[in-house]
Structures are given as C-alpha cells and as structure tokens.
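Shared between the two complexes below is subunit A, which has subunit B as its partner in the first and subunit C in the second.
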Partner chain A sequence: MRVHIKRFSLDDEIKQESVTYELEAKEQTLLAILQEIKSTQDSSLSFTSSCRSSVCGSCAMRVNGVEVLACAYKPKDGDVVEPLKNMPVIRDLVVDMDKALTCNTKAAAFSSKNSKNIALSPDDEKVNELQSDCILCGSCYSACPVYESNENFIGPFALTRSWRYVSDKREQDVDQKIEAIQKDGIWDCTLCNECVPVCPQGIAPKQDIMMLRSKSGVMGHIDPNMFGGGLDFGTPTF
Partner chain B sequence: MGKLQYALFTGCTAKESTPEQLMSTYAVAKKLDIEIIELTEASCCGASHLQDYDDFLSLVLNARNIAYAEKHNMTMITICNTCQLNTAMTKHRLDSDAELKARVNKKLAEVNPDLQYKGTSEIKHFLYAIIDDFGLDKLKSLVTTPLSQFNIAPFYGCHNLRPSELQAGDNPYVPTSLDDLIIACGGANVEYEEKNKCCGFHVELQAPHTAAVLTGNALMGAIDQNADWMVTPCPLCHLKLDTQADHAGKAVGRELEIPVLHMQQMVGLALGCSKEELGLKHHVTDVNFV
Partner chain C sequence: MVDVLIVGAGGAGLVAALHAKASGASVKVICKSYPTRSQTCMAQGGINAALSHGDEDLVEIHAQDTLKSSQGLGSKEAIDMLCFNGVEAVEWLDRIGVPFSRTSDNKIAQRRLGGATHARACYAQDYTGLKILHTLYDQCNREGIEFCNERFLLNIMTQESDLHVSGVTALNIKTGEVESYEAKSVILATGGYSRLYDRHSTNATNSTGDGIAAALRAGAKLSDMEFVQFHPTALKNSSILISESARGAGGHLLDKNHKRFTDELAPRDKLSQAILKELEDGSGEVFLDIRHLGEKFIDEELPQERKLAKLYENIDPVNELIPIKPVAHYTMGGIEVDNSSQTALKGLFGVGECANHNVHGANRLGGNSLLELIVFGKQAGENAAKYAKESTFTCKSKRVFESDKKSIDALRDFEVEIDFYEKKRAIGELFYRYVGIKRNEKELLSALDEILKIKDELCKMGIRDKSQIYNTNLIEFLEFKNILEIGEVVINSAIKRKESRGAHFREDKPFQDDENFALHTIADNKSISFGGEI
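Right after this comes the complex of A and B.
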C-alpha cells in the first residue's frame, strides 16, 4: 500500500514536496502508519498526536482534501495526506494553531469569573452537552472558507464554545459575550456548513452560529454591516 | 412509470430575481412530460435569516408551505438550495419531535383550520427529481442537441450538500449528481476544487469582501480548468456567480468572465428548448454560445 505525504520544511527556505511511502497493507489507523514510517523509514517525519483515541484532537490533518483525525481514519491505497489548511505549517503535518486558539479569547468563550455557583439539572446539562465535547482539533478552521478569506474572522470552534457559555444558565456575562462576537463573528458566517461534516465530535458549529444570531437578535443586535447598521427590523409581534 | 407529478415550491428568488430559472423549469418539465402544480399559496422559507430572529416562526412558515404540498398528496420539489435546506430541515425537526409538531400545528390552525402538517410529502430539489425519479438514461434518450462541444463546470451550492443527513444522497465531499446530469446532456464535466464550495451569497451584505473572494475563487477555478461555462442548481449561487462576476474579479485581481447557466437551462438546451423559452437573455454575463 502506498501513502503520499505532503511534507513541508522551514529549515532553510520554504520547501514543499510530496513523498510516497510503501507499506504493508493491513488494517490500521493513519496514525499507526505515520508512527511506523517514523520508526522504520524516516525518523524526520513530523506530526502531532497524543491520546490515540479521538479525545485530544491533536492529530487532525487532511486526507484527500478532507479533514480527519489520524487516530480514527483507516487509510486506503493512494491516499494523499497533508497538514490542516488556513494555519501556518511548522513542519510536515504540524501546524501552528495559536491564532485559531486565540479566537476563543476574542470571542470571550470561557466561563466568567462571576458565574453563578448553582447546580445544573440533567436537562440544563443537555442544552450544551454537545458543544462541550469540542476537542479544539482545528478541523473546522481548516474547512472554513470565511476564515480562509478574512484573517480576523473569529471562526467555527470559538463560536461553538461561545454558544456553549452563552447558553449556560450559570453564566452572568452573556451581554459581554454576545457583544464580543458581533464584529468579524456570527454575521460573517456564510452558513455554508463546511464545518459540520468535518467535525469528529459531531458538533454543528453552523447551527451554534445560528443560535447565537438568534440570541443576538433577541438582545437587540442587528448585523453591524447590513445597510450601515441602520436597518430596524422592529419588534416581532408573533 | 406513470406521469410524474410534483408540487413546486418556487421560493422567492426564482419568482423575482431569476425569472429565467422559473421559465426554464416549466420548459424542461413540459419536455419531460412532468406535471407541475405551483404552490401559489407558499411563502418565503426564511432564507436562513428569519431563523435568526424567530426560529418558531420559520418552522411554522415552512410547515405551512409543506402542508400545501401535502394537500395535493404530492412530493414537493424546490428549485433553490436554500429553500431545499430550510424545508428539509423543518420536516426533519417536525417528524422527529411530536411535541414541536403539535405546537406548530396549533399555530397553523390559527391561520387556517384546514391546514395541518402531517409529514406525508417528500421534499426534493428538482435536480434530484430528474435524476432519481425521471432517470438519467431516459433523459439521455430524449436529448436532441447534445452539448458535446462544451466543457461545463458544475457548481453544486452548499445547501444541497450539507448537512448530508438532510440531503438526497450526494457525498458532500465528492458530489456527482450535477456532473452526471452534465454527462447525460452530452457535455464534458469539468473537475475543479471549488465545485462543492461556498459562493458567498449569504454574507453578500454583511461581509462583501469575503463574499466576493469566494465567488472569485469559484469562477477562477472553473476558468482555469478550461470550462466554457458553469451550471448551478441554485439561484442564489447564480446571482453571485453571474451578476457579481465583475465585483468578484476586482476582489481577486483578475478579470473573470464566464457564462453561468441554471441547471434547468442546461437541460433545456440539450432537450432542444429555444433561447426564449429558457430566458437566456436575462444573464449579466452574456450567454454568447447559443
């Protein structure tokens, strides 16, 4: 079985080459194959991984143009493996996630210091249980066409996490969190759904963005760019 | 096979902004002997924007539209990807939540006591009605003007592909339906990276630069792979790719000129419909090859 890996190096100058590795065909994950290549064929091959069980999110990469977790994907003969898109490549399949991760701060996607210390019922937990499962693997940022064309866009996982906290009944600073995602945030999403099928956790960031838009509308926000921000939809009476 | 009959949900765009798409839908249906009953009572689907302001109202509106198709006891066909997504999503939510369905029906009864959402009508885009119900082999046998001299780039449009559980069966990563339709019409399908990407329509007003770059990327992808023209099943994608080509060209720093046809216009051309029947004069980028 052959696997083609697009390798990148920043040692001297930016270099990119596709290297083909021959391996014995057997039922195993892409991560196992990468580890085999590293230990038996080429120790310089670089990639990140940790848990090997789709929990940590550190081995996200692209196979034939589609984002996958290497520890969950079973490769086929002829697969082309490359790093995530829309992030600087450090080496081979290792990318710099810092910018995407700082979007969480920009979106205020965290629990506020003064959040209420009250017990949640099982129903309360269900509200954002799925969103809490995000493993920050970066697949949605790699697939997002808006993040690709607007470097300031807050991006899918940060907005999913924003909804996770905005929808939490313990949260006290909902106003600030909603304010934080108005510019370069929820209204810039094209609703294309690219982030949905690539999520290994089955989260639908686009749906969370729709929920945040709805919440923003209810709180009196309108799209800051639309018609110069001067359009008043009025108060719905239905 | 008996005569195919569908209830057509036109959506707003085909009525107001892309009348040539509606004309060509009827022209193609006539050629294929498909009976269409237009749901004249139907309203807007919410266009993925009403949902932001009132989710329940959008469910009621879409349930109301579907209920009219159910009254005819017919499958509902859509000719807009966003209408397709919103109606399919409404159906999915109401069919899987009896309590929500009851709430929606209670609201519907206030509007019209005879109107009830039952969940009996299927909803599919006209593209899939042609492929799945009519059949590509049969379509092929009716082609009188094969489009054999053209390289045609398919542009699928997001809302017919994702989320895949609501859609007709195309693989969101490797869709083939529109490619298959092009081949059935005698054309050569063009492979390019952007064929299943976003056109940017839904941020046209909010983030014009992003929207223009996405449109530009799609047009460049098709042009660079030697497409003679593009084809799309979605009138919203068509609005971006056709009317905004000049603006998109400025955003990506390159002149971009390529005719973009509606899926129905392409099929109509292959079936021998006239230029007038297909409304080919309505395009911003001239359809200069007919």
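Right after this comes the complex of A and C.
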C-alpha cells in the first residue's frame, strides 16, 4: 500500500512536497501507519497525536482534501495526506493552533458569572450535550471557506462553543456572549455547511450559528449585511 | 519573573492555575501540547462525590471506601480532605458549566464504579473528563491565563545551596530553542508514567512521566512508584480503554465458554489479577459483554465505547462480545508531597497523577482521580500563590539553562548507533511481562538487568532527525530517557517491597505484610528506602 504525504519544513526552506511511503497493507488506522513510518522508515516525519481514541483532537489532518482524525481513519491505497488549512503549517502535518484557539476567548465562550447551583432537567442538559462533545481538533476551522476573505472570523468551533454557553440555562450573562459574536462572528458565516460533515463528533456548527443568529435577532441585533453599502463585513451572507 | 509557573495543562494544572490566579498571583502555564489534549480528556467514568441523592451515601462512607481500597497505604487525613471536599468540588464544576448528566428528578446523575459501596460517580455520558477539561479551559480563557503551548519540560532550576526552586527550563518545540522560565514557585501537573508499558497502556502516547523524572533529577523525592494500576477492561488489540461504567451498568465478564468467572465490580487490582489468571491459566480469552444493556442504553450512556470497539476491534458491542485484557492505566506512585502539596524542594508543588497525595495508596478507586484534580489542584494553586507572595527569593543562575542547551545541541551533532524506538517497545514488553499485574523476585531482577543494560547503551542512542523546528524525534527521545529513569525506580521499588498489596502483587510473597511493609517506598536520585508516616 502507498500513501502520499505532503511534507513541509521551515528549516530547509523546502516548500510543500509530496513524499510517497510504501507499507504492507493491513487493517489499521492512519495514525498507526504514521507511527510505523516514523519509527521504522523516516524519523523526520512530523505529526501530532496523543490519545489515539478520538477525544484529544491532536491528529486532525486532511486526506484527499477532507478533514479526518488520523486515529479514526483507515487509509486506502493512494491516499494523499496533508495538514489542516487556515492555520500556519509548522512542519509536515503539524499546524500552529495558537491563533485559532484565541477565537474561543474572542467569542467569550465560557461561563461568565458563577452563579448559585441551578437545577437542570435531563432535557435542559441535552440542549448542549452535543456542543460540549467538541474536542477542538480544528477540522471545522480548516474546512471553513470564510477564512479566505476574513482571517479574523471567529469561526465554527468557537461559535459552537458560544452556543454551548448561550443555550445553557445556568448562564447568567447571555448579553455579553451575544455581543461578542456580532463582529467577525455569526453574520460572516455563509452557511455553506462545509464545517458540518467534517466534524468527528457529529457536531453541526452551522446549526449552532443559525441558533445564535436567531437569538441575536430576538435580542435586537441586526444582520449588518441587510443594509447593503454602509457596513463592510467582508463576505456577504445569504 | 512570574509568581506561579504551572507545568502541565491537564485538569490538575488548569485548576491550580485558576486558584493561583484567584489568590492574586501572576500565573503562567506551559505544556507540551495544548491544554485540551491532555490525559484528563480520556477520563470517562466519572468524578466521585457523596451527593446523597436517592441513596444513603455519606462523605464518611466515601472516605471509608477509599481508605479500604488503599490497603493500608492511604493517609486518613488526605483521604478525608479528598472526600469531604467532594461535594463542594462537584458543585463548583456545576457552577462553571460542566454539563453533567441528570436524573429524571433534576439531580446530577451518578453511577456506581468498582470498589464503591454506592453510586457516587457523577458523569457526563462517557465524556466526563473531556467535558470537565474543556470547561476548565474555558474558565482559564475567561481569566486571561497565559498559556505557552508546545513547551517540553527539561529540568527544574534550583539554587544549589538550599534546594530552592527558581523556575524550569523547557524546549520550545516550535522553535527548537531551549528556554528558561523563572518563577517564585512552580507547580508540576505533568501526569503519570503509564506509557512505561508502551502499547500495553490505555494512556495517551505522551504519558511519559516527564515531570516526575525532572523532579527526581532536581532532588525531590518519589514515593510508592511500584504501584501501577491495571485497568481490567481495555480492548485486546489496541489497549483502548472501555470504561468501568460499562460494568457499573451491569456489564459481565465472560470466559471463552461465555461463562462469568468473577465479581465484575471488585476493585481494579483484584479484577485485573482475576482476568490475568483466566487469560494465562484458564480459557485464554476474556470478553466484556454489554449486549443485554440494549442499544438505547449503550448509545445514551456509553457512546464512545461503541465507536471505539467498532473502530479498533471491528465489533459492535450491541450484539457482539468485546475481547479485552488488563493494561496499565494509572500510576499511584509519584512525587512525594506534604499536606500543602509541596514537594521536598522549597517552592516546588505537585498535583494530579504526577504527585502522590497518598489518597489512592495501593489501589485507586475509579472516579477519585478527577476528584483529586479539583480538590488538590485548589490546594496546590493557593499554596503556591501564598508561597510566591512570601518569597523574597531571586535566582539568576543560568547553570541548568546552559547545561540543557549544551546537551540538546550535542544530540543534534550525534551519530545514532542504537535505535531508541526499538528499546522503547522492548521496555514496554519487559514491563508488561515482568513488572506488570503479577511479579516475582526472579523476574524483577532480570528486568532490572535489562533496564541497566539499556541504560548503559543510552550513550549510543540519539536522534536521526537533526532539524531544529518541531522535531518530534527529539521529543520522543527525551520522553524515552524519562521513561528509562522512572522504570529503574519502579523496578527497584518493586524488588524492595517483598509483599503483596493492592496493585503490587508478588506471587512469591502473596500476602500483605503489615509488620514490615505498612510503609511508603521513598526514592530519591541516590537510593530507595521505606519510611513515611501512613
């Protein structure tokens, strides 16, 4: 079996180049294959991994142009493996997530005021069960086309995280959260749906963004693109 | 210079950071990956607290269960501290937004785990650790806590005269540069060393005891390092964890003939020993059976388990048996700390799996490690902040920094003769076989021989990738060196403890010997002895 891996190194000023590795075909994950290459064929191959059970979010990458977790994907002959998009590549399959992660803070995606304990019903808890399954792997961020026109876009995972807290009955400062996602946030999304199929946890950030838009509307915020002309928020929304 | 430097950004590190900050200290966190990628995200079963919903659980009973499971090695004072603060800890997590599963009468749902007399593990499906970790991370973002990600801990800087901590050195993985981080106090929250068992561990690939090894080199003491918990139910081929909650919910363990052979809710040490016996002397195969729990229940309470069993073993637990084996899961031993979470070095604190607070003793109960992070994370954070406030100490020594820089540079110029990846795998096999669920003196001694041989050969090992930037070959080699250092302490401790207790089962000394061994095994960088009050 052959896999083609896009390699990149800042050290040698090598631009991205595809390197092909030959392996014995057997039933295993892409991560296991990368580890095998690294420990037996090429110790310079760089990637990140940790839990190997799809909960730590370290090994997101693209195979044939689609975001996957290497630990949850079983490769086929001829697969092309690349790093995530929209983040600086540090080396080979490793990207720098520092900037992407600041989106969580920008979106005020946290519990704002620690109130008294408020009882939740099983239904209350189910409201954001899926959103709180997020592992911050960055797949949705990589798949999002908005970054081509607005690099400051808060982006899918941080907006899902925002909805997680906004929808939480215990949250005491919904206003602050809704305020935080008006600029470079919910209205910049084109609702193209690219973030949805790539989520390894089955989360639908687009859906959460639509929920945030309707909540924003109820709270008196207006889609800036509706006025045309006066405000320029980058990509038009539909 | 920062007041409190936290090394490690799993649950323990994040809780410590939040509390140090709340105590008025300036705080910085360095970690070798990103905060939400730590081992804590893999905790599935739950966090213990005697909330007394519905049944008659009390904090005193939680403490009794924990003390009993520690088999004479737990400290009553520390266990009381852990259990009596459990309710407050869970209430705090609830207030900051952890989405715990709920009961039909709007209470936090709880389930029973092995060794517990009551259903006291609060959970969020089988994503308890993940959801706690991410919620803590979000709180750190709220508090503006500074993270320096992808920094690999090299060494702890101390002033030679009085073993006073002054910061740490770390390798910036992204740039390949050695950096020094000065601080008035340092909290190590760097996790355990289960990856000593390499592929025979449920843990993330980077649970390599880096902080423990660095503490040992700097002169701190380690205790009870021979106590390694084997989780009874990991997937047979991949060592991926199947949570205890599967058994708590009524899952059965079956032999090759599909007959039950043991009490599924016995503590992990006893159960792992029973399963090993069945694997070695009995039918040779053991399965976990959760088919009778039904698809709806499995998808509701154990969604991760179903996904992982399908992915790694090609079986669907809804209608098939899950082949399992026990593998290394949690290391009870660690850096010795006092009742303020401080180590033997002034200003150096430890918390989480890397530290030994004497709450788990010879066998940890499921659900107590997440609780430990919250309770002792707070203690460590507050005490480190207090220490920093009172400290007038400044150290400008560049000694450790210079020597680390030199040794990293030397590695980049070195021709490899022996492959360390091969040795890393060999150590894993050696430990699983000889320093695993059952041990005896003869095999321990031969394992020690092997380890010492590898140690001698270390000077011929190194890195083939000489790159500066994001050199994971280098990081894995540094992890390997830490594993090797810790492995030697684990074997020596296991040899010295000539009795059986909890997770340390010596087939040549099958009984607990309280007369001689109701003591902690204490190791420093020179020797191993028994001592310490229990």
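By definition in this document, the second predicted complex is superposed on the first by the 220 of 238 C-alpha atoms of A that agree within 3 Å, B and C clash if a C-alpha of one lies under 4 Å from a C-alpha of the other, contacts with A are read in each partner's own complex, and residues count from 1 in each chain.
Following the convention adopted for this analysis, a residue touches a chain if its C-beta (ideal position, glycine included) is under 8 Å from a C-beta of that chain, and two chains touch if they have at least 3 such contacts.
Please read these numbers as outputs of a predicted model, since none were measured by experiment.
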| item | value |
| --- | --- |
| First (subunit B), second (subunit C), both or neither touched by A:168 | second |
| Subunit B versus subunit C as contact partner of A:53, first or second or both or neither | second |
| Which of subunit B and subunit C A:133 touches, first, second, both or neither | second |
| Comparison of subunit B and subunit C by subunit A residues contacted | C |
| Which of subunit B and subunit C A:214 touches, first, second, both or neither | first |
| Which superposed partner A:150 touches (first subunit B, second subunit C, both, neither) | first |
| Touching partner for A:185 - first (subunit B), second (subunit C), both, neither | neither |
| First (subunit B), second (subunit C), both or neither touched by A:205 | neither |
| Overlap of subunit C and subunit B interfaces on subunit A (superposed complexes) | none |
| Subunit B residues within the subunit A interface of the complex | 48, 51-55, 57, 158-159, 161-164, 172-173, 193, 197-198, 200-203, 205-211, 213-214 |
| Of all residues in subunit A, those that touch subunit B in their complex | 65-66, 145-146, 149-150, 153, 187-194, 196-197, 204, 210, 213-214, 216-218, 223, 225-227, 233, 236, 238 |
| Interface residues, subunit C side, partner subunit A - complex | 33-34, 36-39, 41-42, 91-92, 94-97, 99-104, 106-107, 124-125, 127, 130-131, 134-135, 137-139, 141-142, 144, 149, 174, 204-206, 238, 240-241, 304, 307-308, 311-312, 314, 421, 463-465, 467-473 |
| Touch list for subunit A against partner subunit C, complex | 9-12, 27, 29, 38-40, 43-44, 46-58, 72, 90-92, 94, 96-98, 101, 104-105, 108-112, 114-117, 119-122, 124-125, 128-129, 132-136, 161, 165, 168, 170-171 |
